[in-house]
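Two complexes come next, and they have one chain in common, chain A, joined by chain B in the first and chain C in the second.
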Partner chain A sequence: MSFPKKPGGKATDILQNLPRITLANLRPEPGSKKLWKRLLASHGGNRSGRGHKGERQRGNRPRLGFVGGSTPFYLAIPKYGYNEGHSCRPQYQPLSLKRLQYLIDLGRVDPTQPIDLTQLVNARGVTVQPLKRDYGVQLVDEGADIFAAKINIEVQRASEGAIAAIERNGGVVTTSFYDPISLGILIKPVPFFLRGQPIPRRMLPGEDMVPYYTNAENRGYLADPEKIQQARLALAQKYGYILPDISKDELYHMLSMRKDVRQIFFGLAPGWVVNMTEKKILKPTDEKLLKYYSS
Partner chain B sequence: VMRPMSCPQFASSFAGESAVPSNLLLPTNLVDPSRTKRPPPSADCSLPVLRTCDAAIPAHLSPIQTWVETLERQDSEPVGVAQLHPDVFAVQPRLDILHQVEIWQRNFKRISHAHTKVRSEVKGGGRKPWNQKGGGRARHGSIRSPIWRGGGVSHGPRGPTSYYYMLPMKVRVQGLKVALSSKMTQDYLHIVDSLNIPTPDPQYLLDLIRHRHWGQSVLIVHVGEELPENILQATADMKTVNIIPAIGLNVHSMLKHEALVLTMETVQFLEEKLLWHDKRYTPLYPFKLPYSDL
Partner chain C sequence: MFLPRVLHCDRRKMAAFMLSRRTAVLCRTLKGISASKTVLPANSQCGLLLQTASYNPRPLRLNIRDPYIPDKDSEKTPEWQKTAKYDRKLFGRYGSASGIDPASLWPSHKELDKIIAEENEWHPPLEVMLKNIAIKEKAETEKRLAKEKLIAANMAKMPKMVADWRRQKREAKLKLKEEKARRTKLLAEARERFGYAVDPRSPKFLEMVAEIEKEEKKKKKLLKRRLKEEQAAGVVQPPPTSS
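Let's turn to the complex of A and B:
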């Protein structure tokens, strides 16, 4: 706008000449309050919309799904396990590279620090519900052509195209596993610290997920680092870009920061208790506890 | 019996910019005639600018200039000029939001304790009073049925009922902003540099208010725990002049009192608190728990 707008608009001009707004002057927006009308005679009264005699008027209709005696639809169709075990299937909230680039551009996510699920949730980029069988976030290829940021990101699943796009820009992707309790702690750290419990160990993946996280193709956190390097070269050849050398980068220290297998937060080890009110961290000293938490 | 509400149809008269609708009938004794509209300070005013906005103002809006007065003398000369943020003191006058917030404030605390007994709760009435047939009287099953005198009430109020509901936080915040803006536009808002008065006499305040034509009732809002003793003593026994802390500012009190008096620290506090809601994220957990970045 070339000239400044008057704050409040024309309404303030009119308001200056009208009487004072008081408790007696307020009224609701016309059309917002609908009056409840009593049902009398031909307007919902007499038989009250129930029809004439029979089961309909007398409230004795049979159960839902009953079709008069022949086999009802819900029994005639044979069962098939479409939804069998749906409550045990892990779900991953998709995060497109387009959305990630949007968050970085707006400054909501800091690319100079390792990007964790906590950072994404703090930036309100994704919403994860661990109670609805969400096991984390998955990276999706959408926006791979416009993605241009060098980041160290840790997600739970990643598609090949997304891994390629991030590594093409000199970044690092890692896929790691969080069990539901650790996930709940990861996305909302402050309510967990206020509970006063020690940070638990992150559990290792179950049998079915171990092959995924030990595979270098998926950049799993349990995979061999050498195999990961080979996989990076192979992916660069497949997608046709030159793999930039991270070790010569100025942010190499940040890009190589990775969490320990049993660690949930960067900088905090399992077994520690964080006191938010007094701003102190309590560490266990007993041998058995130390042995348990470092195993 | 509820009568259907028919609102007066205001004809739109936006052809003339500041015209009142032509078919609006107002009684002539509504406004105090000696209460003249004071023009806002112009740019070339000689008085010093005592307060500027700390928060960033959007580029397409300009800050609102108001006079800053003093309570120490009874004459009505302003002492300085203050700048107020337009997103708090000049928002759209949304009267429907004001109505919603006012009704919410009245009703969310309401618990009605009206309770009547149903036919099963009234004492007695288990036995059939007389035989079904042969008595010549109407057939009845209990002496406490609703058609009997002394019987239970069929559809009466049942127990303590709560009318609790919460309007969204941003609607309540917008209600405060709209109330402040309407006080500002209708010239009922006064900024004061401090609340020091020379005497603890309530008559002094009443004379000051009458001299400056502030209105029948005044609401003074302060921030912080330290207050000059004089004003506390003066307003202690007065019904029409009340002093409240800034955290207690609400739409009902603002509409009930005619004039609103804010100190400059109060304006700072209110702007900070009310503007925060425009830029905050949605809460992951209640705002009472600590956040590192909000």
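Let's turn to the complex of A and C:
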């Protein structure tokens, strides 16, 4: 292979020949890290900053919150139902538009493909913990003024300002529901495929969340597409921008890609078994199974 | 090890070899999934390639060369290695080399029936849920409207009720005043008659009160009679004068 002569000469050659940066090749700037000093005599020694006798010096202080015997603050204040059932409430990890723009700029998230929770987790943009009652990711308006990327993004909740910012740039937002099992599969697809189970159907939201996902204002995945279009226009009027026509866009096909209500991954249907070693997808042929998985 | 889809530059064989192994693993992990990530090396090989960083996948150590597939017939293998769940995991890790029939990965007809029954019970379809929501909402709005109606009706009654109550209070007050006045008058009367302050509870006082009442009744009767006589006289008189 012959390369065209490029400027820089030997310096760039050397740079490109050096081995990759690892922890073994790095060391901190000299003088930036101060060593821990041992408490050995003179002013560091004697009582070594522990005080004079008592529990303080002897390391026997009581537990956190103890106030010497009277009723402590955390027991004296009466309970009220502010935090009642807090551990059962669904939580959504916030994703600001500022962070999303940062990820897109660094190339960690590809804006030319639909952005899904899997893509965000792969890019290490968000960390979702389904076992801690996380039900997904919510879009937050912070950074709406600097956001400038045309994307097809699917989250679980989105604020109005965030939806406006994305649609202003010609993008598409959808809010969809993933039950905890589907969420666990979505964020870690490879360990799921190694389990050898067929891809399950995504369940519908509970009765308390159905109104949210059938509402066109929230761009819910169960809402009417016409109502969503009307809502887009209404939002553009409210926030004062002209809604760009995405049907004339070159990426219209990508922007209009939407998952089916029961689908977890793009391109994979429920009921399929994905095998990583042989790089094969196994599909069921039994009618009953097919009927169940496609219902 | 198959050839990676990475440009090979003869000048940097060492780096290229290291890179190629990593990108080979990258290819392996990504080919199976319908991921949309482009497979590109982390550093650009030549100045011509556009540098786009991609995520760094964990290397998949599938251990294909030395797989452990437990012997189902022997007694020494633990019970949990003979379960269907473990079989599925074996298939997931080793594929057809594990010797497991892929048809066993899906639920059997019985299991499928159970699953469907459970789903129908615990996950109603969207239409049913929407209906329930509509019913609940309707009930709620009706309750609220009924409450508001009641409040409005009661508020409309309020001025009249307020006036009634005030009137009642006034009348009660007046009555009390009258009663007090009557009592003081009686006491004064008794004082005059007996010459000393009589206890209102004593029988003397009560006798006196009874006497006074009798006298008043007689007076009233006389008054009534007189009025009747006057009326009769008045009625009789005008006709002769008018005619």
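The working rule: the second predicted complex is superposed on the first by the 216 of 295 C-alpha atoms of A that agree within 3 Å, B and C clash if a C-alpha of one lies under 4 Å from a C-alpha of the other, contacts with A are read in each partner's own complex, and residues count from 1 in each chain.
Simple rule for what comes next: a contact is a pair of C-beta atoms (placed from the backbone, for glycine too) under 8 Å apart; a residue touches a chain by one contact, two chains touch by 3 or more.
Please read these numbers as outputs of a predicted model, since none were measured by experiment.
In the superposition on chain A, contact is made by A:Y292 with chain C only, not with chain B. Contacts of A:R124 after superposition: both chain B and chain C are touched.
By the touch criterion stated above, A:L26 is placed in contact with chain B alone, chain C being left untouched. Once chain A of one complex is fitted onto chain A of the other, the partner contacts of A:L222 are limited to chain C, with no touch recorded for chain B. The larger set of touched chain A residues comes from C, when the choice is between chain B and chain C.
Of the two partner chains placed by the overlay, only chain C lies in contact with A:M203; chain B stays clear of it. Within the superposed three-chain model, A:M276 lies in touch with chain B and with chain C [touch as defined at top]. Of the two partner chains, chain B is the only one that A:I14 touches; chain C does not reach it. Looking at the shared chain after the overlay, A:L233 reaches neither chain B nor chain C. Of the two partner chains placed by the overlay, chain B and chain C both lie in contact with A:V190. Once the two complexes are overlaid on chain A, the chain A residues touched by chain B in the first and by chain C in the second are 1, 16-17, 19-20, 122, 124, 190, 194, 276. For chain B in complex with chain A, the residues that touch the partner chain are 2, 4-5, 7, 14, 17-20, 26, 30-31, 37, 59-62, 64, 86-87, 90-93, 95-96, 98-100, 102-103, 181-182, 185-188, 252, 255-256, 258, 281-282, 284-285, 289-293.
Listing the residues of chain A that touch chain C in their complex gives 1, 3, 6, 16-17, 19-20, 106-108, 110, 113-114, 118-119, 122-124, 189-190, 193-198, 203-204, 207, 210-211, 214, 222, 265-268, 271, 273-282, 284, 286, 288-289, 292. Contact residues of chain A toward chain B in the complex are 1, 4-5, 7-23, 26-30, 32-33, 35, 121-122, 124, 187-188, 190-191, 194, 276.
Listed in rising order, the residues of chain C touching chain A in the complex are 9-10, 12, 15, 18, 28-29, 31-38, 42-43, 46-47, 52-55, 60, 62, 64, 87-97, 102, 105-107, 109, 112, 115-116, 123, 125-126, 129-130, 132-133.
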